[in-house]
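A, B, C, D, E and F label the chains in the order they appear, each numbered from 1.
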Amino acid sequence: MKLQLATWPEVEAYLKTSTAILIPIGSTEQHGPTGFVGTDALCPEILAEGVAAQTGALVAPTVSVGMAQHHLGFPGSITLRPTTLIALLQDWINSLTRHGFDRFFFLNGHGGNIATVQAAFSEVYAEASLGAAPSNRPALRCKLRNWFEVPGVQRLSKELFGGADGQHATASEVSLTYYGYPEAGARAARGAAGMSPKVAPSGPFTDAADYRRSFPDGRMGSDPTLASAEKGRQLFEAAVQELSAEWRSFAEAG
Amino acid sequence: MKLQLATWPEVEAYLKTSTAILIPIGSTEQHGPTGFVGTDALCPEILAEGVAAQTGALVAPTVSVGMAQHHLGFPGSITLRPTTLIALLQDWINSLTRHGFDRFFFLNGHGGNIATVQAAFSEVYAEASLGAAPSNRPALRCKLRNWFEVPGVQRLSKELFGGADGQHATASEVSLTYYGYPEAGARAARGAAGMSPKVAPSGPFTDAADYRRSFPDGRMGSDPTLASAEKGRQLFEAAVQELSAEWRSFAEAG
Amino acid sequence: MKLQLATWPEVEAYLKTSTAILIPIGSTEQHGPTGFVGTDALCPEILAEGVAAQTGALVAPTVSVGMAQHHLGFPGSITLRPTTLIALLQDWINSLTRHGFDRFFFLNGHGGNIATVQAAFSEVYAEASLGAAPSNRPALRCKLRNWFEVPGVQRLSKELFGGADGQHATASEVSLTYYGYPEAGARAARGAAGMSPKVAPSGPFTDAADYRRSFPDGRMGSDPTLASAEKGRQLFEAAVQELSAEWRSFAEAG
Amino acid sequence: MKLQLATWPEVEAYLKTSTAILIPIGSTEQHGPTGFVGTDALCPEILAEGVAAQTGALVAPTVSVGMAQHHLGFPGSITLRPTTLIALLQDWINSLTRHGFDRFFFLNGHGGNIATVQAAFSEVYAEASLGAAPSNRPALRCKLRNWFEVPGVQRLSKELFGGADGQHATASEVSLTYYGYPEAGARAARGAAGMSPKVAPSGPFTDAADYRRSFPDGRMGSDPTLASAEKGRQLFEAAVQELSAEWRSFAEAG
Amino acid sequence: MKLQLATWPEVEAYLKTSTAILIPIGSTEQHGPTGFVGTDALCPEILAEGVAAQTGALVAPTVSVGMAQHHLGFPGSITLRPTTLIALLQDWINSLTRHGFDRFFFLNGHGGNIATVQAAFSEVYAEASLGAAPSNRPALRCKLRNWFEVPGVQRLSKELFGGADGQHATASEVSLTYYGYPEAGARAARGAAGMSPKVAPSGPFTDAADYRRSFPDGRMGSDPTLASAEKGRQLFEAAVQELSAEWRSFAEAG
Amino acid sequence: MKLQLATWPEVEAYLKTSTAILIPIGSTEQHGPTGFVGTDALCPEILAEGVAAQTGALVAPTVSVGMAQHHLGFPGSITLRPTTLIALLQDWINSLTRHGFDRFFFLNGHGGNIATVQAAFSEVYAEASLGAAPSNRPALRCKLRNWFEVPGVQRLSKELFGGADGQHATASEVSLTYYGYPEAGARAARGAAGMSPKVAPSGPFTDAADYRRSFPDGRMGSDPTLASAEKGRQLFEAAVQELSAEWRSFAEAG
C-alpha cells in the first residue's frame, strides 16, 4: 500500500498489523548522457512498489532529493546539504513515531546518501541516548538497504554487464528505470550517440568541479549503452524477491 | 518534461530555451476518511503534468512532505518543521541556480505550506540582500501559486459543491486525486460509510491535539462524499488551462 | 500595563486574571522620504498602548526588528533572517509559557513579517505535535493581527486617502506615527520636497536590489504627503476600539 | 537621532558624517519587588538618548530581550538562548554594514548579556577571518560597554548607596529607571512593603530554579529601597557625560 | 611534527614543503572492562606520531570526542551529535585552508565516526559545489582512513587473535593502547577478572539502551584478554609502515 | 585519573565518590615566534594532570581547539565558531550527565574562550530553565577557571617577568609549556632570533586581519624570551597547589 494513496483510517488499520514502513530514498542528479536525472529515486520507488505487491508493506513517499553535491556540475542535479538531509530524516521519523511506527526500512538508490543517512540515524538515536527524544517515543530500529548491493542483483549485473556495470550511471540502474519508464527510456537512450569512451573512467572525486573534470559526461566506470528495459525487468525480479524477504524479516523480527 | 525522466543534456538544452522550473509542492497528511494521505502532493503533481503537456515546462520532483504539524494526530501524517522546510527549499533553489535556473514556480497543494514557503523565499532573497548569496547567483524570482485559488477552479468548485467544498479534505481536491488515481479513489471512497456530520465543522486550530479535538475525522468544512473522478477531470481541465497561462507569463516575463 | 514597567509581583498578580499577553511586532526599515524607519514597529506599539489603556492588557516589549530583507537597499533598514525571527519568537513564547502565559496576541505592523511569524507559530506548535515541547507547557494559542487590516481602519483609510494609501510607506501608517511623534513627524514631513511621482508605483519585488530598482524612493503605491497627525489620531481611535474588542475576545475565549 | 524616528534620507545624510551607531541592549527580566521587568533595557535606552542629545549619535532600537535564562523562575522574564541572541546580533550587524556602518557601540544594561554579546562579536569577526563574510563587508569594530561600569557611575553609586547597591536589581539601576519613568516608579516603589532582608543575599547561581532558590525575591546584594528618581538623575548625568566622551572617541578613532 | 608543539613560523616553513595535514580522530567511549575509554582516540594518536616520525607529516591535535551515542549507557562515554561533529570538522578544515592547507588525512580509530565524517566532507565540498565556500578557498581533498582496516593490520590481527579480535574493544586496539600506555594498561588489564563470556556477543544495535542490553559489558565480538603491549608493538609497526606509505602517496599526489 | 586511560568500570567506581569532572580547555593558535601553537591547550592539560595527582580528580580529554578567530592570520591556528563551540560543550555536558556527573570544572588556558564558554553554560542552563533539558538531568554546576588568573600565578608571574609577561604568548604560558615539553621548548626558543621589539605592543583587536596588522609576530605585550622551563616549573607548582584547593572546594561543596 502506498501511503500517499491510503486514507488515515487505512493507515490506522495497517498499524494494527505492522509498525514498519518502507521508505524509498534516492537522489536527483545527472546519470550520464542516457540516464534519467531521477534514476536513483526511481529505482527504489519501482522496487518498493514490487516489494509492497508481494508483502503488503506500507510505502512512504520517496525522498527524491538526497546528497548529490558532487553532481552539481551537471544541469538538473539538486542536492541537500548533509545537515539538511539529517534534519529532514529526523522530522520524517519523529513524525511517524507519533503514530506508532518504530521500524524504518530505507530502500536506497544512491551511494552518495549512505553516509548522511547513517549519520541521520545516529542523530535520531542520539536523541534517545542523550535523553532528549520526544516523550513517549518508542525504541526505534532504522535500516538502510542499497538495492544495488542485494546479492541477487550483483550476481545478475555481473552476468548481464560483466565489468561494464560501473559505479555511476550504471547499466543496471539505467536498465531498471527503462523497465519502469520504457517510453522515456527509449527517448533517453538516444543520448548514446557519440558517447565516448565506451566504458567511462573510474576514480575518486571531491566536489562538483572536480567530479566534472574527471568524468566529463557524468558516467563513472559504466557502459550504459548495455542497458535495456528487458534487463531491467530481470533485475527488478531478482531484487524484489530478495528485498521482500529482507523486508519481512525486518518487519517481523522480535 | 519531467526532470526525473530527463537526461542532463536534455536539461542543458532546455536551459537554452527557458530558465524557469515548475516545482509541485504538497504535503503528506490525513485528508479525512475518504481522502488520500498524499492528496496535497498529488494534486499539484497531476496539474504540473498537465501544464507541462501544454507548455513544455520542466517539472521538478514533487516536494511531497511539507508543513503539516497540525495533522500529526492522525496516522500517516508527516511534517517538516518550518525551519527544515526552509533549509530544504534553500538547497533546492541554490542547487538549481548553479545551472542557470532563476525562476521558480512552486505549484502548491497545501494551505499549511504557504507561510513557510514564503518565509523560505525571503530566506533565499535575504542571502542576496545581505551579500551572502553564493557567488555568481543570478537574480531570482520565486512564485508560490496555490492551485485551489485559481479563479476558474474556485468558480467550478462552487458550482460543483456549493458551500460544501470546505477547507480541508475538500471535495475539489479529493475529486482531483480520484481523477488521477481512479482505482485507489474507488477504494478510498468506501471510507464514507458512517461519516458524520455530512459537512464537517470549521474553525481555527493550533497544534495536533487541538486539531484532532476540533475535527475528529480530519475534515474541515467539507463534504468529500460529493467528490468524483469526473468532477476531478473538470477541475483538472479548468486548472491546467489557467495555470498554463500563468506559467507562460511567469517564464517569459522580462 | 507595560511589561517593561511592571514588577514581577505585578506580573504574577496579572496572571491570576489573565494568561494572555499582547506583543507588538514590527520592523526597522525605510518608509520613503517622509516616513520613519521605525514606522512598522511604532504603529503597533502606539496602538498596543491604546488597547492596554482600554482593556488592561499586559503589553510585552516590541519586537522592533523583523523580516525586512527587501528594504536593505535603503540606509537604516535592518532585517532578521526568517530563521532568526523564528528562533526569537520560539524563545519569547517558550519563556512566557514558563510563567503560565498561553495566549499570544501579536499585533503586527509589517506585511513582510506575516509569513515568518506564522511559520514561527507552526514551529512552536510543532514542538507539541512532535512531542518535543518543554515539559509542562500548556496548550498555546497564538494569533497574528495586522492593525492595517482591521475593518474600521481600512474604511477610514479609504475615506481619508482614497486610492493613494498604498502598500508601503502608506499615508495611514505615516499618519499614525506622526500622531504618536508629532515633533519628529513635522521634521520628517519636510522630506516630501521633490518627492515624485505623487503616487508611487506598485508591483512585485524579490530582493533588496530588485526592490530599490522598482521603487526608487522606497514607497509603494502611496502618497504619504497626505499624511497628518490629525488623521493619525482618527486612525488610532478607530483601530484601538476594534482591537480592544478583539483582544478581549481572544483573551477571554473558552 | 533615533533611527526609528529618522527617514532613510536622513540616515543617508548621517552616514556621510559618521559610520558609527549606538545600540542599547538590555533584558526583560525580573528586578526584584520594586524594579521594572524592563530595567536592563530601559537604562541603556535612557542613557543612549542622553548621549545622542550631546553627540548627535544615531541610536538604533533597543535590543530589549537578552540572555536571562536564570530569571525565568520569576513571572515576566523572557530569555533568548545564547545561540538565538548571537544570530540576532549577526543579522543586525550584517544588515547595517550594507549601508556603510562599520562601528557598533553596544550600550549594555545587563551583566547576563556580556558573554553572549562578546561571543556574537567573535561570530561576526569569524565570518571575516574564515573568509565567509558577506561580500564588500567593511572591516568592523564592535564594542560592548556596560553603563554600570563607567567610572563616574561607580563612584556615584558607592557614594549614594555604599555597599547596598548590589549586583541585581541594584539601587542604581532602579533609580535610573525611576528617573526615566517617575510615575511608574512611584507605583513600583510600593513593592518595598515587606521586602526582607533589607540587603539581599549574594552568591553564585546556575539555572532558573537555582536562582530562585537562592534569591527568593529576585534581588542580589541590593537594597533598592534606597533608589529614587533624583538619584537616578544624578546617575544619568554622570553616565551621559562619560559615555558621550567614549562614544566620540569610538566614533572618531582612526 | 606535532602542530601543538610547533611555532607558527615552523608551520609556515612546513607549508612551503607540503599542504597536507594528518588529523587523528577518535572517540571517548567505553571499551569493555579492560579497555581505555580513550582507546579510539589514542590509537590514531599513537600511530600518527609513528607516521610523523617516518615521514615528517604535520600532525594536528586529536579530535578526541566523536560520534558515540550508542555507548552512552556506559559511564565515561561522551558523544557529539552528528551535526555537531560536522560543524566542528567544517571549522577545522575551513580554518586550515586559510593557511594554505588543502589535503586533510583523517586517521580514524572509531567505526562510529565513519558515516558522520564522510557526511562532513560532503558538507565541506558542498560549500564549493553550491558556490558558498569561503573566498579564495583552494580545491580540497579530504581522506578518511581507518587504521584498523589497513591490510597489514588485518593480517596481523587475524594471526594474533584469530576470530576473537571482534568489533568493539577489540584485542588489537586494546593491545595498541597498552603498547602506548603500558603502565595504565597493566592496571586496566585487571578488569578481566570475571569477564564472561570469553568472546563477547556480536550483532546490530541502535541507541544506547539497546546497545547496553545486547552487550552488557561493552565488548562486541572480542576477547580483549588476548591483548598485550607486545602485540600492540607489532601492530604499531605494521600499521605505521603502511600508513606512512599511504600518507606519502596522499600528500604528494598530483 | 585520566578519563582516556580509565575503563568504564573505573569511571563507575569514581562516580560513587564524586560527580565532578575536570575538563582542560584551550586553543590551537599561534603563540608568537617561540611559543607552541598548542600553548593554550597544553597549559591546562599539564596543570590538570598536576591537580589530578594531588586530588584524584577525573580529567576529561582536553578541548584542544577553541575560539581563536583572531589568530587565523597566522599559520597553524584553528578556530571553532562560537556557535560550534557552544554545541560541542552542550554535547559533552549532556553526555556526561547521563552517567551522573553534575559538576563541570573547566580549566581554561585561553582568554578568547571565556565569553563563548560562559555563553555555552547559559545555553545548557537555559535547557533546564526553559523546561527543555533532557529528562532526568540533574541540576548542574559549571565553572570556568582561567589558570593564568590564579592569585599565586599572578604574583609569581609579576615577580618573574615584571611588566613583560604580556597578554598573548606570555612569558608565563610559554614557560609552563617549556616545563612540560622541555625538548620541544629548546627547539622553539630558537625562534627568538630577530624577535623585535623586545616587548610586543598591546591594544585592542577585532578580526584576523586586524590582529595580524597590529601584532605582526603574534605576541601581545609580552617578552617570551624571558621564558624558561625552570620558571615553568615554579608556575606549575604555584598553580597546582591553588587549583587543587579550588577543585576540592568545587567538587565537595554542598
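Here is the rule we use: contacts are C-beta pairs under 8 Å (C-beta built on N, C-alpha and C of every residue); 3 or more make two chains touch, one makes a residue touch a chain.
Which protein is which chain? UniProt says A, B, C, D, E, F = CrnA protein.
From a predicted model like this one, the values you see are computed outputs, not experimental measurements.
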Starting at chain C, how many touch steps does it take at minimum to reach chain E? 2
Measuring centre to centre with C-alpha atoms, which chain is farthest from chain E? C
Express in whole angstrom the distance between the two chain centres, defined as the mean CA positions of chain B and chain C. 30
Let me have the rounded angstrom distance from the C-alpha centre of chain B over to the C-alpha centre of chain F, please. 54
Taking each chain's centre as the mean of its CA atoms, how far is chain A from chain F in angstrom? 47
Touching two or more other chains, which residues of chain B qualify? 72, 79, 81, 83, 91, 95, 98, 129-130, 135, 208
All touching chain pairs, where touch follows the definition stated at the start: A-B, A-C, A-E, A-F, B-C, B-D, B-E, C-D, C-F, D-E, D-F, E-F
Residue set of chain C touching chain A in the complex reads 129-132, 135
Residues of chain A touching chain E in their complex? 67, 69-70, 72-73, 79, 81-83, 86, 112, 114-116, 118-120, 122-123, 125-126, 128-130, 139-142, 206-210
Which positions of chain A touch chain C when the two form their complex? 91, 94-95, 98, 134-137
Under the stated contact criterion, what part of chain F meets chain E in this complex? 2-12, 15, 28, 30-38, 41-42, 60-62, 64-65, 72-81, 83-84, 87-88, 90-92, 95-96, 98-100, 181, 184, 188, 191, 208, 218
